[in-house]
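Below you'll find the structures, each written out as C-alpha cells.
You will see chain A twice below: alongside chain B first, and alongside chain C after that.
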Partner chain A sequence: MNWTLILPELVLAMAGLVILAVGVLPKRDTDFATGMAVLGALLLAGVLVVAQPEGEAFLGQYVSNAFTKFMKILVLAGGALGLVLAMDWNRKEGLARFEFAILILFSTVGMMIMVSANDLIALYLGLELLSLSLYVIAAFNRDSARSAEAGLKYFVLGALASGLLLYGSSLVYGFSGSTNFDGIADAIAGSEGAPFGLVIGLVFVLAALAFKISAVPFHMWTPDVYEGAPTPVTAFFATAPKVAAIALLTRVVAGPFAELAVEWQQVLLIASLCSMVLGSLAAIGQRNIKRLMAYSSIGHVGYALIGLAVGSEMGIRGLLLYMAIYLFTNVGAFAVLVAMRRDGRALEGVDDLAGLGRTDPAMALAMTVFMLSMAGIPPLAGFFGKLYVFLAAVQGGYWTLAVVGVLSSAVSAYYYLRVIKVMYFDSGEALDPRPPSLSVVLAGTGLFTVFFFLFPTPFLAAAQAAVAALVG
Partner chain B sequence: MIAALAFYVFAAILIASAVMVVTSRNPVHSVLFLILAFFNASALFLMAGAEFLAMILVIVYVGAVAVLFLFIVMMLDIDFTQLRQGFQRYAPVGGVIGAILFLELLFVYGSWQFAPDAATLRMNVVPVEPGVSNTEALGRLVYTDYVFLFQVAGLILLVAMIGAIVLTLRDKSVDSKRQDIATQVARAEAVVLTKVPAGAGLATMGITRRKLPEAPKPKAVAHDDPGHSGGGHH
Partner chain C sequence: MNAAGFPLLSLLTFLPLLGAGIIMFVRGEEAVVAANARWTALWTSLITFGLSLILWFQFDKSTADFQFVEQISWMPEFGLGYHMGVDGISVLFVLLSTLLTPICILSSWEAVQSRVREYMISFLVLETMMVGMFASLDVVMFYIFFEGVLIPMFLIIGIWGGTRRVYAAYKLFLYTLLGSLLMLLAMLLLWFEAGTTSVPAILNLQIAPSVQVWLFLAFFASFAVKVPMWPVHTWLPDAHVEAPTAGSVILAGVLLKMGAYGFLRFSIPLLPQATEWFAPLIFALSVIAVVYTSLVALAQEDMKKLIAYSSVAHMGIVTMGIFTLNHQGLSGAIFQMLSHGVVSGALFLCVGVLYDRVHSREIARYGGVAKIMPSYAMVFMLFTMGSVALPGTAGFPGEFLVIVGAWQANPWVAFGGALGMILGAGYMLYLYRRVVFSRISREDLKALLDLSPREYVTFAPLILLTLWMGIYPSSFLSFFEVSVAALVTRHEAAMALPRLAGM
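Here is the complex of A and B:
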C-alpha cells in the first residue's frame, strides 16, 4: 500500500534518475531529448495522480486525497508549462544544458511531496527539495552577474526562511509531542487553550511559508530575484512553486492548526492586506516588466490569502480557484515576456512592447487578455477568481478585506492597462518571430482565460471536492 | 556524582567556546573554538547515551565542515575588519531582534510544563531491546518507518550535487590543464633515436643529447597541445 500510494512521486523521481543517467552519456548536448523526456514523465505523473487512490502512507507521513490531487495536477501543469517556455529560450541564450529539465523535474517532485506532506519532516524535506532546485535555476545563467546575484540572494534569504521553519517546527514538536499533522491536531484538541509555545512555533512556520509565497512583509527578495533570473525561470517561480506553497500553507493551517484559527487568521489577515496594497502601489513605477510582474504576483498572493484569512470552506474554495486561474493566466503573460526578443537579444522593458498591436496583433491580443484578466475585468477568468474570494470575505463579514481588495484591484488596473496602452498606442519596431512552442502556450492559456466563464462548473466541482477532503 | 561533574565541565566549556567563536578577533581562532564546541557537544551526546550522534557530530562537523571552514578562512582573502564596519550602526537593530527572540524563548520556557515523572520517562523513551546498539536501533527506524523521508533526503543531496556541477563545471575552458594520456603516450619527440656510425666516438657525437628543434615552453595553453602534457617536466 505504501509504495503504490506514492506511485506518482516514485515514478517521477525514478524517471528523473534515469534521464539524468542517460543525459550524461553522450558527448553533445542532449537538452531537447531530455526536455521531451521530462515532459513525458510529468505527463505520466499527471495520469498517475488522477488514478491515485486515496489514503495515508508511511505511518501518516504522506497523504493523498481530493485536495492533494487537485493541487498536484496544477503543480505538474505549472512545471510542464515552465519547461516548455524555457526550452527555446535556453537554446537562444546559450544555456541549453540538459540539467535544466532535470532540475525542473526534481523541483516538481519536491512540490508534490510538499502538497502531500502530512508530517513536519516531510513538509521540510519537500520544501527543501523544491528550494534547492530553484536556487540553482535562478543562477542558471551563471555568466550573468544579475542571474548569479538572483541565485545567491534567493539562496541566502531562503536558507534563513528554512531556519525559521525548522525553529518553528521544533517548537511545535516540543509542545505537541508529535511531528505528524494528525498528532499535532490531537494534541491541540486535548489541551485547554492554546499552549503559548505552540503559537510561537506556528508563527515561525507561517513566516517561513509566507517567505516562500512572497507575501508582505516577507517579499523583499521577490523583485530582485524575478528581475535577475532568466525570464522563463521567473515564469516558473511565479507559478508552480507559489501554488505548491499556498497548498502547503492551506494544509498546515486548515489541518493540524484548525483549532488555532483565531491565532493564524490575524497573521494571514495582515499579510493579505499588506500584500494587496503593496502589490498594487509598488508596481506603478516599474519600467522593467519582470519587476512589474513580481509586484503583481505579490498582489495576487494577497488576494488569494483573503480566501485563507476568512477561514471558511467557501474561502478556501475561492483560494483554490484563484490559484488555478492565476497559474494559467500568469504562464500566458510570461510566454509573451519570453517572446520579447529583438535582433536575438532578450528585452525586459515595458516600453519594448511598444507597437506590438501592429507588428504582432495576435500576441498583443493575448497579452491584452492576460492583463485584463489579472486586473479582474468581468468576462475573463481573473474576474471569477477575485469574485469568489471577495464573496467569501463578504459572507464571512470581513469587510475590510473585501473593500481593500476591490480598491487595490482598481489601483492595479492602472499598470495593467498601461501595458496595453504601450502595445497599442505607442510605436515601436517588430520583435523577432516567436517560436511555435510559445504560440501553443499562448493560444492554450489565452483560450482558457477567455472562455473560463462558459465552463466554470467542473473547476468549481473539483475545488469543492478538494475543500471537502481538506476540511472534512 | 562524577557524571554530573563531567556534564557541568563539558557544558561550561561548550558555552565558553561558543562565546569565543562569536567574540574572538581572529577568524582562525573562531573556527578552532567552534571545533572545541563541537567536541564538547559530542561529549554531552555520549553522556546522554547517544553514541551514534556523538560520533557523527565529530566525523561530519569536525572532520568535514569545520576543516572546510578553516580552509576557507585561511585561503580566501577576506578583510574581516571591513566586514565588521557596519557593526556600530546595525548593533541596535540586531540587539532588539535578539532581545525579542530571547524574550520569546523565556515565554516558551515559562509556559512549558514538566510532567512529574519526566526524569524517569526520559530514560526509556523508546524501549530498546537488550543487545541492540544505539546505531542499530536508529538504522532500523530510518530504513523502515522513515524510509520515505530518508529517500527524499537523498534526492535533496542529489539535487545539491547537480546544482554544484551545473553552476561551476566548465568543460571547454582554455585554462584547464588536463592530462591527455593518449597524446602523452604518442608523443614522438621525447625519445630521439640517433644513428651512430661505426667508429664515431665522443669527439664527433658528443656526450649530450642532440638538441631538439625547439623546446616546448611551459605556459598555460589548451590541453590538447602535446607540448604541454609532458608528464612531470614542468
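Here is the complex of A and C:
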C-alpha cells in the first residue's frame, strides 16, 4: 500500500474536514478565512502533485503519472481560480457562507480522483464526489428560483448520467470480468474481436462522460444550468470539471479500450462534429452572456474532442494543450462576467457590456483578448490550441473534422465579435468598480493568453510528457 | 547573418509594437494623451520608415535568394521556427507598408479626435502585422500576421468608421476569416508533409497534381477574398466607404496586396500544375472583375465607393498579370500592386481632404472645387491620371506590362484588360469632372480652404513616387527582375518535368 502516492488527495480531503469542523464553531462570518484556508490547501496540493512519485496504488485502483499530474495541476488551478472569482461575488450577493469554499475543495478532490482512477469503481467514486458537490453549489443561491432550478436540473440529468455510467460499467465488468482498467485491457486483448456486450457497455460509459463534458447530443442541461447558477459557479462549471471529465474520458478510451479504437472513434467523431456545429450556430442568437458562454463551451468541447477522435498521440497532445488554454481563457472571460455589476446588481445581458471600451478600457481590452482567443485568431493562445488539434486532424487524414472545424470557427467568430462590438462600438454606462481579486485574475489570464506564443515550449513539453505517460 | 548586420526585419516588425506599448502607458488629461499619442505614433512610424530605407539601399538585386534572413528556433518539437527574410518580390511591399503608415498617421492628425490613443495603437499594431506578413518566411508566422491584420482593422472600421461601420467591420472580418481558415488547413497539410514550417523548405516539396488542386482551392479561398476578386469582392466597397480615411488608405494600399502576394509566394511556386490548370478560371474572373466593376464604378454616387470599385478593377489587372506566368505579366502585376498602393492610397487621401471639410462623400455635393482649391485640384488631377494609367505616371508601366504579358497568354484576356483601362479613364475623369470642374454648385463650398501645410507634407511623398514610378520605373522593376525571372524559370521547369517523365 503506497500512501505517499495519494498524498495530495489525502491532504486536501483532511483539510476539507478540518476546515468544515472549524468553520461551524464561531458565530461570525468565516467565509473569508475558510476561503483563504481552502486556497492554501489547493496550493499545497499543487506542490504535492508536482512532487508526487509515479506509480500505482491500492491494488491498481489508483495511478499517478505525468498525465495525471498535468491534469491535476489544471484542475487545481481551475478550482483555485473559481474560488477567487466567487469570494467577492458571494459577499456582494449575500451568499457568503463558508461551505462554498469547502464544496469547491471537495469537488476538486473528486476531480483529482477521477483523473487518477484506474478502476471503474474508483472512477465512479470520484465522479460522484464531484457531482454531488456541484449539485449543491449550482443551487447555492437557494433563495433564487433560477438557481434552485439549475441545481435540480443538473441533479436529475446528472443522476441519469451516473445511472448510464453504472449500467455501462456493469456490462463492461460482465463481459470482461474486471473493473480494473488494466484487467479490461487484458480481457479485450485476449479475446477474438470485442464482445458485443462490451461495446454496448463502452457506449454507455461514453454517453455518461459526454454528459459531463456537455458534448452534443448530451448537452441539453448546459445552457440552463449555466444561466441559472450564480456566475462564479458557472465559471467553475465551465472550467475545472470539464477539464477533469475530458481527462477521464481520455484515460478511459486510451487505456482499457485502446484496442476498441475503431468503435469509440466513431462515437467521438460524431460528438465532436455535432458539438462544433451546434456550439457555433446556437450561440448566435443568445442575448444572455452566460448562455452564450454555455454554447461556446459546447463548441470548445467539440474542438477538443477532435484531438481524441483522431486517436493519435499528436491528437491527444493537441487535446491537452487545448484544454489548458481553454481553462485559462475561460476563467478570464468569466472574470469579466463576474465583474458585470451595476448599482450593486449583477448583470447577464451581452448588451450590458455596452460602452465598456470607454468606461473600463483595461477590462474591455482583456475581454477582447479572451473573445478573439476563443475565436482562434492568431497570435493569441486560442489559435495555438486550435492549430494543434487541426494539425492532428490533417495528419490523420480526418478532413471532415478539419473542414467542419474551421467552418464552425468562422461562424463562432461572429458571436465573439458581437461581444467586442458591444463593448467598443456601442455606448453605455459604467459598471461598478471591480474588486482587486478580479483584476489580478484578469491580468494573469490575459497575459497568459496574449503571450502564450512567446514561451509555448514548457507547455508543449509537459503535454508531450503527459501523452507519453498515457500511451506509453 | 545578414546584410544589415543586425536583425533589421525583426526591428522593423516589432518597433511599431514598442511605440504602441509606450502610447498605452501615457497618462494624463485627454488632450495631452491625444497629443502624445499622435507624436509618439508619428515618430515611431518615421523611425521605422527610416530604418526600412536600409532595405532599399542594401538589397542585393542580383539574386533571387532570400536576404536579411533571421532564423531562430521557436517550437522545435513541431519544426516551427521564427524565420524572417525578404526577396525581390516582398522587399518593396515592406517599404510600401512602412511608407504609408506615417502618412496615415499624419493624415488623421486632425480628422480623428475621439479615442486618439486607441487609434494610434491600432495603426501601429497594424503596421507590425503588415511588415511581419511580408517579411515572414514561416507559414505559421505568415498566417499569424495575415490574420492578425484583421484585429486592428476591425477596430479601426468599427470604432472610427461611418454610419454603417458595424456591418462593414463584420463583413470584412468574417469574409476574410472564412477564407483564411481554409488556407490554414492547406498550410497544416504542407507543414505535415514537409515536417517544417519554413517557406523555403516547403517550396521544395513535390506535390502530386491531384493534391495540388485541393491546396490551390484552399489558398484561393483566402487570397481571392483578400485581393479581392470578383465575386467575393463585396466586402471591399462597404469596408472602404465606412472606414476612416487612413483606414481606407491602408486597406487599399497594403491589405489588398496581401492576397496577390500570397499567390506569388505560395500558389505559383508551390502548385505549378494546379496554377496552370486554374489559370483560365482566374483569367475569366479577372476580366469580369475589370470590366464589370469598372461599369459599376461609373454608376457610383459616392466618391469612396467609386474608388473602391476602381480598386477591384485594378486588382483584377494584377491577378491577370500574375497568372500569365510570363516575365512581363508577373513584373507588371507586381509593379501594378505597388503603383496601386501609392495611387489609390493617395486618392483616398484626396477624398479625405474634402470629407474633412464638408463631411460628405457624395459626388453631387461638390462641384467647381478647382476654383476654390486650385492646389488641391492639381494634386487630385495627378493621382487621377495615375489611376487612369497615363504614361508618365505610376499606373502606366504596370498596366502596360500586364497587357503585354496577357497578350502572350491569350489575346482575349489582354483585350479585356485593355477594355478595363478605357473604362477606367471613363469613370475617373467623370468623377474628376463632377467634383473639381463644372459650376460651383453650392454657396458654402466657397468657404473651403486649400491644402494646409500638413496636407502638403502628407501628399508630397506620394506625388514624388507617382511621378518617379511613371518616369523611371526601372528603379523599382530592377528590385524584382531577378526574382520574377527565377519564378518563371521555376514554373517552366516544374511544368517540363512530367513531360520529360514521359507523360
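Everything that follows uses one rule, which is that the second predicted complex is superposed on the first by the 471 of 472 C-alpha atoms of A that agree within 3 Å, B and C clash if a C-alpha of one lies under 4 Å from a C-alpha of the other, contacts with A are read in each partner's own complex, and residues count from 1 in each chain.
One rule holds for everything that comes next: a residue touches a chain if its C-beta (ideal position, glycine included) is under 8 Å from a C-beta of that chain, and two chains touch if they have at least 3 such contacts.
In this text the structure is predicted, and so the values were computed from the model without any measurement.
**Q** Counting touched residues of chain A, say whether chain B or chain C comes out ahead.
**A** B
**Q** Examine A:383 and indicate which partner it touches, taking first as chain B and second as chain C; both and neither are also allowed.
**A** It touches chain C, and chain B stays clear.
**Q** With both complexes overlaid on chain A, does A:62 touch chain B (first), chain C (second), both or neither?
**A** The first partner, chain B, only.
**Q** Tell me which partner A:156 touches in the superposition: chain B (first), chain C (second), both or neither.
**A** After superposing on A, A:156 lies clear of both chain B and chain C.
**Q** Once the structures are superposed on A, label A:43 by its partner contacts, choosing first (chain B), second (chain C), both or neither.
**A** neither
**Q** Once the shared chain is lined up, is A:430 touching chain B (first), chain C (second), both, or neither of them?
**A** Neither chain B nor chain C is touched by A:430.
**Q** Which part of chain B faces chain A closely enough to touch in the complex?
**A** Against chain A, the touching part of chain B is residues 104, 107-108, 110-112, 145-149, 151-153, 155-156, 158-160, 162-163, 165-168.
**Q** Going by the contact rule set out above, which residues of chain C touch chain A in the complex?
**A** For chain C paired with chain A, touching residues are 74-78, 115, 118, 140, 143-145, 147-148, 150-151, 154-155, 158-159, 165-166, 169-170, 173-174, 177-178, 181-182, 184-185, 188-189, 191-192.
**Q** Across the complex, what residues on chain A touch chain C?
**A** 357-358, 361, 372, 377-379, 383, 387, 390-391, 394-395, 402-403, 406-407, 409-410, 413-414, 417, 420-421, 424-425, 453, 456-457, 460-461, 464
**Q** Sort out for me which residues of chain A touch chain B in the complex.
**A** 2, 6, 13, 17, 20, 57-59, 61-62, 97, 99, 102-103, 106, 109-110, 113, 119, 121-122, 125-126, 128-129, 132-133, 135-136, 139-140, 142, 151, 171, 174-175, 195-197, 200
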